[in-house]
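Quick heads-up: structures coming right below.
Each of the next two complexes has chain A plus one other chain: chain B in the first, chain C in the second.
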Partner chain A sequence: MLEVSDVAVSYGNIEALRGVELSVEEGGITCLLGPNGAGKTTLMMTIAGILRPRRGRIRFLDRDITGMRPSGVVKRGIALVPENRLVFPAMNVHENLIAGAYLRLGKRKAQVQRDVDHVFERFPRLQERSKQLAGTLSGGEQQMLAVARALMARPRLLMMDEPSLGLAPLIVEEIFRIISDLNADGTTIFLVEQNAHMALQVADHFFLLEQGQVSFSGKPGQLSEHEVIQRAYLGKSAQHDPPAGDRGRPDGTTHPSG
Partner chain B sequence: MGGDYLIAVLSNIGMISFIALSAYLLLVVGEISFGQQAFFAVSAYGSGIATAMWGWPIWLGLLWGALVAGVAALVVAIPTVRLRGLYFSVATLAFAEMVRLILEIFTYQVEIDGELVGPNGSDGFRDIRAIYDSNVSAFEYLLIIYGLLAVVLVGFLILERSRLGAIFRMIGEDPMLTEMQGLNVTAHKILAVVLAGVVAGIGGALYAHLTTYVEPKIFNVMLGVHGLAYGLIGGLGTAFGPLIGVAIDIGLLESIRAISGYRMIVFGGLVAVLLIVRPRGLLDEAAVHWLRVRWRELRRGLRRGWRRAEG
Partner chain C sequence: MDWLDFFQSITDGLLFGSIYALIGIGFTLIFGVMHKINLAYGAASIAGAYVSIAVAAYVPLPALVTFLIAAIGSGAIAFLIYLANFRFIPLASPLATLMATVGMLILIDEIVVHATDGMPQPYPALFADIYIEWGDFGLRGDLIFIFVLSLIAMVVLMFMLYRTRLGIATRAVAQQPVAAQLAGISLDRTNALTFVITGLLGGLAGAMIGASVGVLSPLLVVPITVKGLIVCVIGGLGSIPGAIVAGLAVGAFENFFLAFRGVTERDMYVMLLLFVFLVFRPGGIFSRSVARD
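Take a look at the complex of A and B:
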């Protein structure tokens, strides 16, 4: 569905991505894991059209979307839930939802309204707070609102950049339950996560990104969770052989420092 | 004193309101312009030339002035809207100073009834007498100013409830997130700059015809800074915000004689305090939201009371 081939992105002289190769299969949940600074967010932003690659190709549904404007990428059916900048804080919840559907609001008002109702069924808490300013929602509610708004664009592919960042464990579980539900209803999901434990539970396929390159591609279980966590949090340089048979179960909410 | 003075103050409030609304529209899309006085100036000259030199009727002169201001805004917008934050502010300031300096040397005069009429560089542009020649009284002109202000204000209120107005607010809050919703931020910003230019232009055309005389130095940066400050004082949550700002400055500060000599000091202090206490003005988005909620509750309460009274 999505094919990224040999994509390189630089910030000035610093190479953030150095020839990334990966693909996302239709209908599944694909995860991208890796340590801080590996280039995960850079890759998401590049696919979404916010950053331009120095070289390489990005294809979506067999069409080249390399270097396309963000609005063009959204129209092709890719929605990104960005990290940290989730909602329009001075607009209320309902207005935030409508914002996700502006492209078709002019012609299909009734359809948009049905989608709002549908999203409210999925997120009853948002309906309760429909007239509340988005900036006054809790972190978890803002994350839900960001996901809900992305759904309003009726994406074929939903990309999420660290949806669990800074949220309490119970909320993280709720977010991942929502991710699984969305996928079960037919939305393809491409997820960047630091929370390897949760990510490996939902993923059909995952990639490890280290120092701007994909260093592993496979199904959960092909690498021990212990090794994934070591490589995802610390990078290859810190890797050493895990004790045999030890499938470490660290607290799922642990975040790396820095 | 008396009626004439009151009419003069009210006329001033009305005309300055246009430049305040103009700067406000750009603040809504997240841009700070120090150059809205340029569109005010361009339209003052443009409409003056149309009525005093080409003999056009007043209404057509006003329309022409607003149109010229809009075109000037488009010319400014295309290269500048991609600039972010401070760079946009500096670019608008540079443009406005450029316009002022060009007007200092701009000479275009024709002889009408044995007298030279038209802009004459730094000596300014005299005898824009259209409203006196057609016997419009000061009070009637006041009604024209407020009639046009009402039209523009209603336009703003409709805009705020529209899809376009919501997109403007989204861009002001987070342009990148807006782009991610599939919207063309650059095109919408250009539209906002052009609309703001037209609004400032209406004020400029009205101004030229009320004073009958304009000169380049009137349109210095302080005019633009005031226009900007009104929105920041009154609030960015609704178009009434900048109007409240104008009323506070001209209506209160300039009219109270006891502080007349200290007006700029009081005004500057007020802006500084408000920027700390309420960075988005008295009627900011949260205040407007609060008022809407209360208003809904009040209406619901009244309706319930009405039904009870009936039943």
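Take a look at the complex of A and C:
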């Protein structure tokens, strides 16, 4: 469904992604794991069209979307739930959802309203808080709102960047239950996670991103959870002795959060 | 000075202050959406009024249509300012766009001076012959007209911001630009349209200034710019209700000191008001008072 080939992205002189290769199968839950600064968020932002790759190709449903504007990417059927949720704080919950359907506003009002009702069925707590400003919601509610807002774009592929970040364990479980439900209802999921334990429970396939490159790809169970977690949190160098210097710093703090 | 004079000067000031409110809204909208100050905004507003008299010189127009042409002219100039000073200039550098708009302010000013040989141009007033009296207290028709027109412009703006697709885009970009883009909202388009909307408001304000003063002069540009910025600070940068209240308040305040201390001292007190706010309420009237730590 989504194929990323040889994608490289730089911030000035700093290379965040160095030829990433990965693909997301339709209908499944694919997870991207990796330590801080590996380039996970950069990859998400590049697929979504916010960042432009220096080289490489991104294809979605057999069409080239490399370097496309974010609105074009949304139109093709990809929605991203960004890291830290990024709700519109001074809009109420209902307005946040309407904004999520921006590209359909005006032309398809009735359809958008039906989608709002549909989203409220899935997230009853959001309906209760429909008139509340998004900035006053709890972290878990904001995460649900961010997911709901992305759903308002009617995505075929829903990308989520660390949906469990900073949430209490019970809320994290709820978020992962929602992810499974959405997938069961036919939405393909591409998930970035730090919480490798939770991610490996729901994912059909996972990729390990380390220092801007995919270092492992496979199904959960192909690598022991212990090793995945070691590498997802600390980077490859924590597991093996670095061969003569080119593996980055042993503490895994390669770049600021990426 | 007795109570009647006091009320008269405050009332006239409040009515005229609606123009300051419009100018303040223009600065504050751009700041809200782009977190940038467009210093050429006051110049574009006055230039819009000049456009309308230039058009009126060829085709005789009713005064109200002249006002509309001023709004459209200023909207077009605001769009050009966006293209020249924001669209292609790196936004990451806070000084680059600010200096570009200073240049634009001077450029617009120079063009106006050149085109008019520096001579003030008469501007049509509306309802100037109407005066409503209650004993010694009275309301000037032209000021009432200015107030009502400003009110209509504000209502239309609020409707646009809270009830239309463009309004959703504007508020989304102001609050969370990355998430706005992820929803398919184009930053460029939204920013450009916000500039045009502020230009329309500014042109209306420029025309009303011309109408109430009776003439247009390039000398109006700097005071309007400064007052607009003061209104923004007092109202809180980015707050539209703040700009409205602050605009009216600045109008009333300056008119009170005009009556109380005379025209030469008036603006000194307005500046003192600015400093008082910067010290005690740097976030504007609607923020809580802040201790400096």
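FYI, the second predicted complex is superposed on the first by the 238 of 258 C-alpha atoms of A that agree within 3 Å, B and C clash if a C-alpha of one lies under 4 Å from a C-alpha of the other, contacts with A are read in each partner's own complex, and residues count from 1 in each chain.
The rule is short, and it goes like this: contacts are C-beta pairs under 8 Å (C-beta built on N, C-alpha and C of every residue); 3 or more make two chains touch, one makes a residue touch a chain.
As the structure is a computational prediction, the values presented were derived from the model and not from experiment.
Chain B and chain C, once both complexes are superposed via chain A, clash.
Once the two complexes are laid over each other on the shared chain, residue contacts for A:75 go to chain B and to chain C alike. Contacts of A:131 after superposition on the shared chain: chain B is touched, whereas chain C is not. In the superposed model, A:102 makes contact with both chain B and chain C. In the superposition on chain A, A:92 makes contact with chain B only, not with chain C.
Judged by the touch definition given at the top, the superposed model places A:118 against neither chain B nor chain C. After overlaying the two complexes on the shared chain, residue contacts for A:55 are found with neither chain B nor chain C.
Judged by the document's definition of touching, chain A residues 48, 50, 69-71, 74-75, 79-80, 82, 88-91, 95, 98-100, 102-103, 105-106, 149, 153 lie at the interface with chain B and also at the interface with chain C.
The touching residues of chain B, counted against chain A in their complex, run 163, 166-167, 169-170, 173-174, 176-184, 285-286, 289, 293. Contact residues on chain A toward chain C in their complex (touch as defined above): 48-50, 69-71, 74-75, 79-80, 82, 86-91, 95, 98-103, 105-106, 146, 149-150, 153. Put simply, chain A touches chain B in their complex at residues 48, 50, 69-71, 74-75, 79-80, 82, 85, 88-92, 95, 98-100, 102-103, 105-106, 131, 133, 149, 153. Across the complex, chain C meets chain A through its residues 165, 168-169, 171-172, 175-176, 178-186.
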